[in-house]
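In what comes next, chain A is part of two complexes: it sits with chain B in the first one and with chain C in the second one.
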Partner chain A sequence: MKKNFSLIGKNIIRQDGLEKVTGQAKFADDYTFANQLTAVMVRVPVAHATINAIDYAAIENDPALTAIVDATDIPGAKKIGAIRQDQPIFAYDKICTHGDVVAMLVGESHDALLALRDKIKIDYTELPVLSDRTKALDKDAPIIHEQYENNEIVHYPLRKGDVETGFKNSDHIIEQTYTTPLIEHGYIEPEAVTAILREGNKGVQIIGSIQNPHTTQNVVAAVLGWPLAKVRIQQAELGGSFGGKDDTMNVLSARAAVAALKTGRPVKIRYNREDSILESYKRHPYTMHYKVGFNNDGKLQAMKIDIIADGGAYSSMSPFVTWRTVVQATGPYEVENVWTDVRAVYTNNPYTGAFRGFGSPQPIFAQESLMDEIAVRLNMTPDEIRRINGFKAGSVTASNQVLKDHDVNLLTVMDTAIEKSAFRKKWRANRQNNLAKEKSFTIDEENLFLNKDDFVDPQNVIKRGIGLAVSFRGSSLGAEGIDAAAAYLSVQKDGSAYLLCGLAENGQGLRTTYSIITAEVLGMDIENIFYLEQDTGLIADSGPTVASRSTIMGGGAVKDAADKIRKRLEDILKPEWKLTDSDELVFKNNKVQNPKNKSQEMRFGDLCKLANSKGVSLSVIGWNKGPDVGWEEETGQGDAYFTYVYGCQLAEVAVNTVTGEVAVERIIAVHDPGTVINKMGAEGQVYGGVTQGAGFGLWEEISTHEGMPRELNLDEYLVPTSKDIGEIIPIFVEGKDKYGPWGAKSLGEPTLELTAAAIANAISNATGKRFFNLPLNLEELLLNRKLHKEDLQRGSL
Partner chain B sequence: MIPELQFSRPKTIREALNLLATPGQNNRILAGGTDVITGIQMGSKRFSRIDLLIDINQIPELKTITENKAHIIIGGNVTFTELIENPIARQKLPLLVKAASTVGNLQIRNRATLTGNFVNNAPCADSVPPLLVYDALIKIESQNSGRELPLQDFLTGTYKTLIKPNELVTEIRIPKADTELRGDFYKLGRRKSVAISRISLAVLAQIEEDKIKEIRIASGAVTPIGERFPDLEKWANGQKISDELLKLLAKKMAEKITKANGLRWSSTYKIPVLQQTFYQLLKKVTD
Partner chain C sequence: MPKITFNLNNKDITITTAYNRRLLDVLREELGLTGTKEGCAIGECGACTVLLNDQAVNSCLLLIGQVEGQNVLTIEGLSTKGELHPVQKKFLKHGAVQCGFCTPGMILSAHALLHKNPSPKEEEVKEAITGNLCRCTGYKQIIDAVMDVTKG
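For the complex of A and B:
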């Protein structure tokens, strides 16, 4: 039975909405300080080289220059990294990728510093460039980091059952290779950060477009060789992140801090789009080889998966990203025999790290394409093959985890989506249609001039398709690391409150979510909750704001804080009203009431005043630690995550068969995120995630030339506009779970991870052809490959 | 970065022409700024070392769209949005209005100007193919003289035109057709908005019964600049419309473009797709 909530599940307008639409919100670049200096980065125009010497003689005495800051100015760690410390704050021995920065010029005028930059003489020796991830582990591959014996960053094996026997017992075997490209986050606000020395011995304060203030604090303290508490990180309003303002911002914050120490003045680093795309990390390109064995009845027998992820120049989050991949690589399907190898490797390409989805959109594209191919082979519909193999309550995952203690809603979300769209009928009709008609237009690269028969009749140009994709996704960090979060709630004597959680607002709306949770527990007006600034000095390290863990983990901590306050208030009130401990009180509409005797009623503010007069503290720290999870490194077996969420997205497309254009006409997105806290916020997640997922499917790609990104701005790197996506219909199936506040779990990343796969399946339904390499852009549809300019020259220059 | 430069905002054409005539310095016109400002920001050689930037946005004379017996006259600083919203243009220049509607996005169309589009003369300039099939003329003025010439002659190469440093394009004059012409504009972009043309095509034809009496064809983005195809037009004029003819016309255009420009990195895609989309467009116009 559903609880009778006052606020949970309703549409609540975001707390920060007004300040953002009126332009009052302060983003990182909106902060300026007296005597502030600016900085420009010094780079070397190659992807791989040893640095022999840097000669600053030509600029050293220039009045425009306050300081040159490089690795020699770093008092502490010169290289950083979550697992491997392989990424330099300033490159000093070698260049591993084009984004590397060897030094930073600091002064008052940005333009003057830019002019000086060209006068620096850098003596370097070029090294062979490794840009092909599939060659990174070859014996003769250039080694990117000498301290490691080869270019392997990490290797995750998963071994379950016996795949060879599984294949032997299969009626059919399909083998395919899929690739996905390098993807830029494309947050609208490029990076900005200012470091300010605090007076006396108080250390440094940093304000920036920072996703994870406590991670930044750790990095800056390590680089300065200071205690953590001497470094205070404050998050400005964030103009988008999507996982992208982590490592890059840690490095920039450290550079700004080193420069502030050297000059004694505030130093701001502010990137333009080109700097941002050149240096910031991206989504891992994957090459995925899948071999699957299955029987005539549709039952999967065995899967063998070999995945190479391009980690680029630095390890960054690769060990975590690819771990999620190994857990979820077989998709939400029961497979008894599994042999998976996932490797992340170094190359000289831009480095890759966290990005909404985090190692799931890539394998979902592969495994969901494959499931549709199996369905077609067996003359089944896509939903049938998934119904046969999809997870149900008690199913066992590839890592031998039994799915229990929550609603395993995979088939429920799928059935909801297909009922909403008359999926089977449309899928069969489209398929018959494309089989009946003459085959689609394909380009003959040997002869670009068309024969009479090659021209397509106008009425046959557009073909429609429908496709779906399903997924399961582990909530929060799982066996990646420690999973705990803190919240601070301080209720004032008039009943208004300060609130803050250790997980940071990234634009996803968590401040509103946490305020709703607090207001629901205490029955108070949400307008009376005032969210504090994100500052490492004010709240405990709660781990990073990643992995769609804010609601389940941070929400749990907030609810714990609110529950604690409620308990204290009840403990005061019950004796006053001569009630026993077991009597229930209702906190609602800014009042507290005894439901059995409605004359016993008190305003929430009066109760807080009463608590204050009795010397009872209404300031608490809430804490939420995730349950134990486990992972066996050698075999990839264990209870990877403590709970899971399920989703199904269904895409309807119109394919222009002579140009390769794909119009996304409708996406139905059915998700089980557990209990929905803010319906408006949840729907917003779906609209954004679907649009980003469609971008991954159809348009977005950073191509590189000898490791150098070609698309350095948003005129060439194409993210979908509002005109490119048709109707998006979000539907929530709210499964029960014992974890999370009232069973609220995760939604942010599931909304993105499915869209490309659903669109790819819809395109196949429309055209009768399968595509294996994202993005499915104009050239891919007609040529089965991408076309790129040979060089990096822009015509308009 | 934006370098230090002089900036002025004349109120009349005369004032602007006088400023343009200032000797010994590099003067540039600023209309919508969507090429000039981004070009300066990117460090483009085409926009380097500007001494004086002359903002023509305070000159009302350049903002009008009028017609007389023989011409529709568009002022030299009319934005795409102004063009799209203008009743005369909507009624009499449907191809141009359609092309204008595909430029950039609303914010860009609110600033960018028709004249700026062809003075910049990028291969992908969306307004050029329709202006070419409309046989547009342009009026250019300088402090001491003026001239009028066909747009086709004015456009000389990629990012190149006949404009001299002291000149301003003050008018676009489009001759009114004395017979009924049917036509359409087609653009292929990678997105539905803020998309640079991969292929653009304009066709204007006079069709009598089942014959092409006269056809005008122009392309953009598949040629170094937007251009007309006089040989093809001549070949097609007077021919009986058939599916076969239209396919052949499409193929001939592709052959001509390939012969003139050779194969580029994008040709493998563009050449076949050009034929398909031109055929689709011809079908639509002749249907």
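For the complex of A and C:
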């Protein structure tokens, strides 16, 4: 039964809205400290080299220079990394990618430091550059990190059933190869961080555009060789992240800290856009080979999948990103026989890591393209083939996990999208239209004048298409990590409250979501909740703000805190009102009331005052630990995630067959995120995620030459603008779940992961051709080749 | 160094600085007005948008010498007497803010449009903010907010 909520699911104005619309919100670069220094990075213009010597003699005595900081100044760990410690704070033995920094010049004037930078003499020996991920495991490939025997970062196998028998028993087999490019997060705020030494033995305070303060704390403490508590990380207002202000910010924070230690003064590092795109990590490019066997009735028999992910120069989050890929690579479909290999490899390209979607947008593009190809082969509609194979309650995943204890709403979200758009009718009509033979054009050598018929009729240039994509997605971290979160709630004696969770605001609106949860439980005015600054000194490590886990995990911790306080307040009030433990009280409208005797009523603030007078603490730590999950490394079998969410996006496009331009006219995005806590915030996630997903599908690509990114600013890297996308219609199907606050789960990433695949299927519906390489720009749609000759090998053509 | 006089947020001010500094830097570093942001420094992202004589411009592409005698409005000058400007109110109402980094520039571009054209069509709103990149919102709630201002 649906609860009668006061605030959950309603439109609530953002907690941090006022400071953001007035320009008062303080982002990392808005902080200045007395006596602060600035820093300039020193790089080597190659992707792969050994460093022989660095000669600073020409600048050492320059008055503009306060200090040169390099690896020799690091007291603790010189290399860092979540799984493999392969990434240097300052490169000292070799250069592995263009973004590497060998030293940092610190001084008062940025311009003066830039002039000095060119005078440093760096002696290096160039090494062969490895830029093609598909050649990274070849015997003669250059080895990027000599401490490992080859360039394999990680390999995840998944073995279920017997694929060879499965293929033998299949009526049809399709094999295709798909590729996706390097993608930049494109947060509008470039990176900035300041490190300040604190008085006496208090250590260092760091304030910056930091996604995961506790991760940064761990890295800085390791680099300085200090205890964790001596490093205090504060998050400034964060100007977008999308997974992107993790590793990069850890490295920059460590550099700033080392420099502050060396100079005794606050040191600020602020990146311009070119620095940011050059050095920050990106979304993994994937090469994905899929072989699928299926029968005339549409039932999938076997899938064999081989995926290579380009990890770039450092392992970073590759082991986690590609793990999600192996779990979800077959898509939300029942397949008895599966053989999957997912590998992440080193190259000299920019390194890759976490990015909203996290190893799912790539395989979804592949598997959803493939499902449509199967549908066409069998003369079915795309929804029919998905209905035959899609997950239902009790279905078993590729890793042999039974889907239970929640509404398996895959087909519900798909049917909702289909009904909203008259999908089948349009899909069939467009297909008929594209099957109509195109007029061929031949040159008549005798008569070079064009006939009237030879001109392209503008009416026939635009072709319309409709397509859909579906997905299932594991909520939170799953078997990839420790999954627990903390919240601090301190209710004051007048009924106002401080609130803070260990998961950090990234702009997505978690302060608002957590305030709604607290206000709902305690019936208090949401305006009376004051959210504290994100600071590692104030709250427990709750793991990173990733994996769409803020609502399900952090929200659970916040609810636990609010429930504890409510229990304490009820324990005070019930004896006063001569009620028993089993009697219920209503907390609503800033009042507490006995529903059976409405004359028994007290203002929330008065009750808090009463608690205070009785010596009862209204300050608590809420805690939420995820249920156990498991994974067999050798076979890729196990209960990967404790619960899942489901989504379907449907795209309607208009393709200009002369220019190759694709107009996205409409996206219907149907998601089951569980209970929606913050309605306006949830819709905002859909609009934003879909727009990013469309960028991934149609325009965005960092191309590289010998490992060097070509697009270093937003004039060449095309982030969607207000004019680039049509209507987006968010629809929520709120399935039930026993986990999460009132069954609220995940939304941020599902909104992005489906869009490119839905658009690709719509373009195929419009043109009658299939496309295998993102982005679907003019090169793919019209030329069927990359304009840069040396660009990487593409997939099926 | 020369003295430069201009009207900033409805007040005449005079500062002493080199002519060739970017307006953006003078606002942020000299005048402490950090609501104006730098996102790309090449006039692509619009995070540094201010109004110059009621027109939206990129303050990363303007030198301080160019604003001598002109009227400059930044996000800090938009609300008067503690009362939010209607565009700011509608941004809050419609959830047009996520991370908030593009928000000051976005609001000023919207304000510049409404100054010229108090009842724009949706396409005109999209056109007016096309130079302001937002990576969070997909623009929808921003467009709704601006359209709602016209309804009063």
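Here is the rule we go by: the second predicted complex is superposed on the first by the 769 of 797 C-alpha atoms of A that agree within 3 Å, B and C clash if a C-alpha of one lies under 4 Å from a C-alpha of the other, contacts with A are read in each partner's own complex, and residues count from 1 in each chain.
One rule holds for everything that comes next: a contact is a pair of C-beta atoms (placed from the backbone, for glycine too) under 8 Å apart; a residue touches a chain by one contact, two chains touch by 3 or more.
Because the structure is a prediction, the values reported are computed rather than measured.
When the two structures are aligned on the shared chain, A:Asp715 is found in touch with chain B and with chain C. In the superposition on chain A, A:Trp699 makes contact with chain B only, while chain C stays out of contact range. After overlaying the two complexes on the shared chain, residue contacts for A:His110 are found with chain B alone; chain C is out of touch.
Residue contacts after overlaying the shared chain place A:Val690 against chain C, while chain B stays out of touching range. Once chain A of one complex is fitted onto chain A of the other, the partner contacts of A:Gln147 are absent, as it touches neither chain B nor chain C.
Once the two complexes are overlaid on the shared chain, A:Lys20 sits against chain C while remaining clear of chain B. Of the two partner chains placed around the shared chain by superposition, neither chain B nor chain C is touched by A:Asn52.
Touched residues of chain A were counted for both chain B and chain C, and C has more of them. In the superposed pair of complexes, A:Lys723 makes contact with chain B and with chain C alike.
In the superposition on chain A, contact is made by A:Asp30 with chain C only, not with chain B.
With the contact threshold set out at the top, residues 715, 720-723 of chain A are in contact with chain B in one structure and with chain C in the other.
Those residues of chain C that touch chain A in the complex are listed here as 28, 33-42, 44-45, 47, 74-76, 78-79, 84, 88, 91-95, 97-104, 107, 125-127, 129-143.
Across the interface of their complex, chain B is touched by residues 110-111, 114, 441, 443-445, 448-450, 452, 454-456, 458, 461, 658-661, 699, 715, 718, 720-724, 777-779, 782-783, 787-790, 794-797 of chain A. Within the complex formed with chain C, the chain A residues making contact are 11, 13-14, 16-27, 29-30, 185-190, 237-242, 272-273, 506-509, 680-681, 683-684, 686-692, 713-715, 719-723, 725, 728. The residues of chain B lying in touch with chain A in their complex are 1, 3, 39, 42-46, 105, 122-123, 158-159, 188, 190-194, 196, 198, 244, 247, 250-251, 254-255, 258, 265-269, 271-273, 275-277, 279-280, 283-284.
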